[in-house]
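Structure first, then comments.
First chain written, first letter: the chains are A, B, C and D, and each begins at residue 1.
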Amino acid sequence: MVRLGANQYGKAEVRLVRIARGAGPEGGDLIRDFNVSSSLSGDLADSHLTGDNSKVLATDTQKNTVYALSSDLGPVEPEVLALELARHFVTSQKAIKRARLKIEEYPWEPVGAAGHSFARRGGMIRGTRVVHDQKAGTSVVSGVDGLTVLNTTRSEFWGFPQDPYTTLAETQDRVLATEVSAWWRFRSADGFDGPGWAGAFRAACGALLAAFSETYSYSLQQTLYAMGEAVLGALPEVCEVRLALPNKHHFLVDLAPFGRENRSEVYYAADRPYGLIEGTVLADDAPADPLAWSP
Amino acid sequence: MVRLGANQYGKAEVRLVRIARGAGPEGGDLIRDFNVSSSLSGDLADSHLTGDNSKVLATDTQKNTVYALSSDLGPVEPEVLALELARHFVTSQKAIKRARLKIEEYPWEPVGAAGHSFARRGGMIRGTRVVHDQKAGTSVVSGVDGLTVLNTTRSEFWGFPQDPYTTLAETQDRVLATEVSAWWRFRSADGFDGPGWAGAFRAACGALLAAFSETYSYSLQQTLYAMGEAVLGALPEVCEVRLALPNKHHFLVDLAPFGRENRSEVYYAADRPYGLIEGTVLADDAPADPLAWSP
Amino acid sequence: MVRLGANQYGKAEVRLVRIARGAGPEGGDLIRDFNVSSSLSGDLADSHLTGDNSKVLATDTQKNTVYALSSDLGPVEPEVLALELARHFVTSQKAIKRARLKIEEYPWEPVGAAGHSFARRGGMIRGTRVVHDQKAGTSVVSGVDGLTVLNTTRSEFWGFPQDPYTTLAETQDRVLATEVSAWWRFRSADGFDGPGWAGAFRAACGALLAAFSETYSYSLQQTLYAMGEAVLGALPEVCEVRLALPNKHHFLVDLAPFGRENRSEVYYAADRPYGLIEGTVLADDAPADPLAWSP
Amino acid sequence: MVRLGANQYGKAEVRLVRIARGAGPEGGDLIRDFNVSSSLSGDLADSHLTGDNSKVLATDTQKNTVYALSSDLGPVEPEVLALELARHFVTSQKAIKRARLKIEEYPWEPVGAAGHSFARRGGMIRGTRVVHDQKAGTSVVSGVDGLTVLNTTRSEFWGFPQDPYTTLAETQDRVLATEVSAWWRFRSADGFDGPGWAGAFRAACGALLAAFSETYSYSLQQTLYAMGEAVLGALPEVCEVRLALPNKHHFLVDLAPFGRENRSEVYYAADRPYGLIEGTVLADDAPADPLAWSP
C-alpha cells in the first residue's frame, strides 16, 4: 500500500575553480569560482526498491563530469555550464529524464595590475538554476543572494491594523535594511548567447539597487514590488521575478535615560526575530512553467 | 503589463522559551524551546502597490501574538501552538486568507533531580509546519532535521553505469552516514489530541532509526525508501514522508604508502561535495494536498 | 631592522573517524570521531626568509601521520593520540622543537543493539590540547565546549553599581543559561594510563553540571567559580580550570499590554549582545606552565 | 586550597550602527557598522566568592555606555571609540583596573548618488582591540580578518623533508590562496589623531595586498613574512604584525581518466583539512607589551 513518489539524487556543492590562462585583460588570467550541484531524476524506482543500481549514474561520476565539461567549455557563464551539464545528463543516460543544475558563483576582483592576483569580493553571490526535462524542455532562473542594502531614510511604516496584540509605534522615518534574495526567470533558455547572461545579471542587479534606493517606501512590500518591476523593466527577456526580503531591523536606541536625544543616529541592529517579505512580480504574459521553481 | 503574483509576509525566528512551573516530574519545571515563524497571505495587493498598510498586520504584532498565545496555552506540543496561531491569524484578520506557521523545537534534558536544571540535547531538531487556509483547510507536516546517523557496515554500492566519466570503484562494504531530514504529512490536522503529537514524533524517529540500522543497503536510495516506509508503517495517521539524505562520505584512507593495511578502520570524513538523495514515500490512498509542502 | 618573531605552522582540522571492528560491547564496533590539528615550531626561519623548505615537514605529511598513527594506536582517547603525535613530530624531525596538538571529539551513541549503528550525540564537544616542547616538556589541557545548560530559577542579580548609564532592573529570580566552555590543566602528562582520560572527562563534566545545578547564584561569576572549584575537587590530577561562560540572556516578555500576567513562564531567548564571563580557578599549589594555554 | 585566578567579564557583540546625518559627501549620510565587545577586570573577587555585586558594573550598563558614548563622539574611527570606552570604564569605576575593548567594523559602500543608500561590502572585516590598564597604560592593535586572496601562479613548494609519511609531490607552479588575518600593534595609543587610524588601515591593507601579489613564493611562510614586513615598511607607527594564513588548498583535478589534459586550469577548492601558517614580524626595536595581545 506504499509507493515511491517524486525523487531525485545528485552531487551537491562541487567546488570548481576555473582559471583561464592569459584570457584576462592585458594577458592576465581569468578566474571563475563555482559551487555546482546536480540532481537527476527519471526511471529510478529499482534503486529504491531492489537495490539495483544499473540506472544510477554515480554522484561521483556527476562530479567528474562537472570538471570534465568545465575543462572543455572554458571560463563560461554559470548559465552556460549549467545548461551543458543538464543536457548532457539527460541525453547521455537513457534512464535520466530530468536534470536540475544549480550553480553559485563567488565574485573575485583583480589585485594590482599583474593579472595573476585576485581578492574575493564577498557580500553577494550570483546564482543560476537550470532544469532540463526530456518532455517539458528547459528553464533558466538566475539570481542574486546576500546583497545587503540599507536606506538611512525615506522609509515609513504606519496605518497598519491595531489588534489586541499590537504595540508597534507608527513611524514616519526609519532605517530600512534587507539582504536581497532575488531570482528571475527567463522566457527562454536560448535567449542569450553566452556573454549575454553576464549582462543580464549586471542589469538585474543595477535595477534592484536603483529601485531600492529610489523608492520612497511605505512598506518593505512596496519596495519589493518596485524592485521586481524594475528587473522586468530592465530585462524584457525575463517574465517573472521572485524576491525574499528579510527586514533587518535597525531599532533606534533610547538615549533619554542617559540625558541624550537620539536624532536618528544611533541604532541597534537586531538579529532575530526579523520580518520576512516574500513576493512575486510577473509580466502579464508570463508563460506557465511548473518545473522552473520547484526545488 | 506587470502584476503582483504569490506573496506572503511574516515574522521569522521568534525565539520563545516556555517554562511551566511545577508541571514537570515530581513538581519540577518543564521547558520548551521554540523558534516560531509565521507567514500570512491574503488581500495584500494594496501594501505592494500603493503603500496602504491597512490590511498588513504588523510582523511585530505577529511576534506579540506568539508570546501571548503561548502564555495562554501552556507548554503544548509545537503542532498545537502552530495550529492555534494559524487559525487565530486567519479568523481574526479579515484580509488574511492563509497562515503558515513553522516551529522548530530544540530538545533539553533534565540535569540532576532538582527539577530546575536542564542541558540542551543538541544534534537533532523537531519541527512542524502548519498551513491553515480559509478555503482549503488545514495541513500539518511534522519532521526532524539534523539527525546524524552512521552504519559501520552492511552497506554496498556497485552495479552502477560506467560512462566515460566514471572512475568510482565498486564497493561491497562501506561506511554509510547521513544527516536525516525527514518530514511526514498527517492525513488530518485533527487526528490527535495534544500529547499525541509527541507520541507521533517519538514513533517516527524510532522508525527512522530502526530502518536505517536494520536495512542492508545497496544504495542510500534503498535506505531512504525503507525509512519512509517504516514511518508510514508506524503511523497510520501519516500518508506521506519526504526525506532528504546527504551522503556524508567517509573515505577509507590509503595507508599503503606508509606500509600499513587499512582493514576498514581509518576513515576521512569529507565535507564537500556530498551526494544528496531526496525522495518521497506515499500511502497509496494519500489525498492530494497542494498547500502542505509549498514553501 | 625587521625580524621574525614567534611562528608555527601545521595542518588544521584533519577529520579522522576511527572504527574498531568488534571492539565494542557484545562484539559490536567502536567509533571515535576526531578533528585533529597540529602546529609545529622550531628552527624555521629559513622558510620564512629564503624559501628554503628543507626543515618544513609538509602539512600534508602531518595529515598522513595522523592517519598512520591512529591506525597503529587503535581507538584510543584523544589525549593519547595527541601525546603520541606531539612526541613523534618533535623526536623525528630535528628542526622541530615544539608541537601543539589539538583534538576535538564528537560523541556518538549506539542505535539499536546490532553494534554497527550510531547516532551523533550533538550538543557538546570534548577536546584536548597537548604541547610537547623539547626543553619545557609536556602539558595536557582537556575540556568541553558547547555544553548548554539552563536553570529555571535560583538565580538572582542585584546590588550592582548604579552609574549614569545603568538602567537594568535588579532581579531576585531569573533564568540563568550559558554555553559552557571549560578547560582543565593536568598536573602531569603522565598521570593517567589511557582510559583514565575518559574517566577524567566524565568526572569533570559531572562536576560542572552538578555545580551549575546546585549553586544558588547571585551572579554568573559566582556560578563560574563554583564550577571551577567543583572540577578541582573532583580531579586531584587537575591544578587549574579556565571557564568562559556566555550569559545567554532569557528576557521575560512583557505581557501586560495584552492583558496577561507573565508569571515567569514566557521568555525571549536573545542572540546578541550577551554577557561573557571568563575566569580561572586554581589549586594553590598549581605549578606555572607558560606553554600550556598559549594559543 | 583553591583560589581565583585571572578573570574578566563584559558585554560581547553590541551591534551599533552609527549614522551621521548630512556628514557624507555632498550632504549625504555617513554610516558606520560596529560590533563592540567590552571586558573589564579588577577588584572582582567578591562577586566570584560571595555573590556581592557591588563592584560589578552590569554588562547591560556596558552596553548602554557604548550607545551613549557613540552618540557623543559621532562617526569616529573604531580605535577612537574603543579608546574612549576603555578609559571611561577604568576611570569611572574605582574597582575596574583594566578594560579591553574589541570592535569589528563591517564596511558599506554608497549606492547611487543620493547619499542615503548603501550596500554592505562583504568579504573583509576591519578590527581593533584596545587594552587600557591603570598601571601599564594603553595598547592599540588593529587588523583585518576575512581578506581572501589568490595567486594563480608564481607559487612553488618543494625541497621539504621526505619522511616515511610523506607522499606530497613537489610543485613548481601552484595556486596559492589564503584568507588573511593580519593584526598590527601600534607603538603608541596616541600616535594618531582620529582620522589617522583610517589611513593606517588603508595603508596596511594596501601593503598586505601588494606583498601577497608581488612575492614570488616558495612557501606560504615566505609570503607571510613578506606581508608582515610590508606592513612594517608602510607604517612606521607599527612595531609588530601577527598573521594567521590558512592555506586554502586548490588541488588540480586529474582529468587524465577522461582523456583531457589539465593545463593548470581546473581546480578543486578543498574545505578541510587546511594548512595553517602563523607568524609574527617585528621591528627590531619593538617594545615589550605583555597585555596587548593577551585574549
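The rule is short, and it goes like this: a contact is a pair of C-beta atoms (placed from the backbone, for glycine too) under 8 Å apart; a residue touches a chain by one contact, two chains touch by 3 or more.
Just so it is clear, the structure is predicted and the values come from calculations on it, not from any experiment.
Chemist: Could you tell me which chains make contact with chain A and chain D both?
Modeler: The common neighbours are B, C.
Chemist: For chain C, which other chain has the most distant CA centre?
Modeler: A
Chemist: Please compute the C-alpha centroid of chain C, do the same for chain D, then give the distance between them in whole Å.
Modeler: Result: the chain centres lie 24 Å from each other.
Chemist: Just how far, in Å, is the C-alpha centre of chain D from the one of chain B?
Modeler: Their C-alpha centroids are separated by 38 Å.
Chemist: Just give me the whole-number Å value for how far the CA centre of chain B lies from that of chain C.
Modeler: 30
Chemist: I need the residues of chain B touching at least two other chains; which ones are they?
Modeler: Where chain B meets two or more other chains at a single residue, that happens at 15, 64, 68, 165, 167, 257-258, 271-272.
Chemist: Which chain B residues qualify as touching chain C in the complex?
Modeler: Per the touch definition, chain B meets chain C at residues 15-21, 29, 31, 33, 64, 67-68, 70-72, 108, 111-112, 114, 116-124, 146-154, 175, 209-210, 212-214, 250, 253, 255, 257-258, 260, 262-271.
Chemist: Considering only the defined contacts, which chain C positions touch chain D in the complex?
Modeler: Interface residues on chain C, with respect to chain D: 1-15, 37, 39, 44, 47-61, 63-65, 68, 92-93, 157-161, 163, 165-168, 217-222, 224-225, 228-229, 232-233, 240, 246-247, 272-285, 295.
Chemist: Could you please specify the touching residues of chain C with respect to chain A in the complex?
Modeler: Touching chain A from chain C are residues 164-165, 167, 257-259, 271-272.
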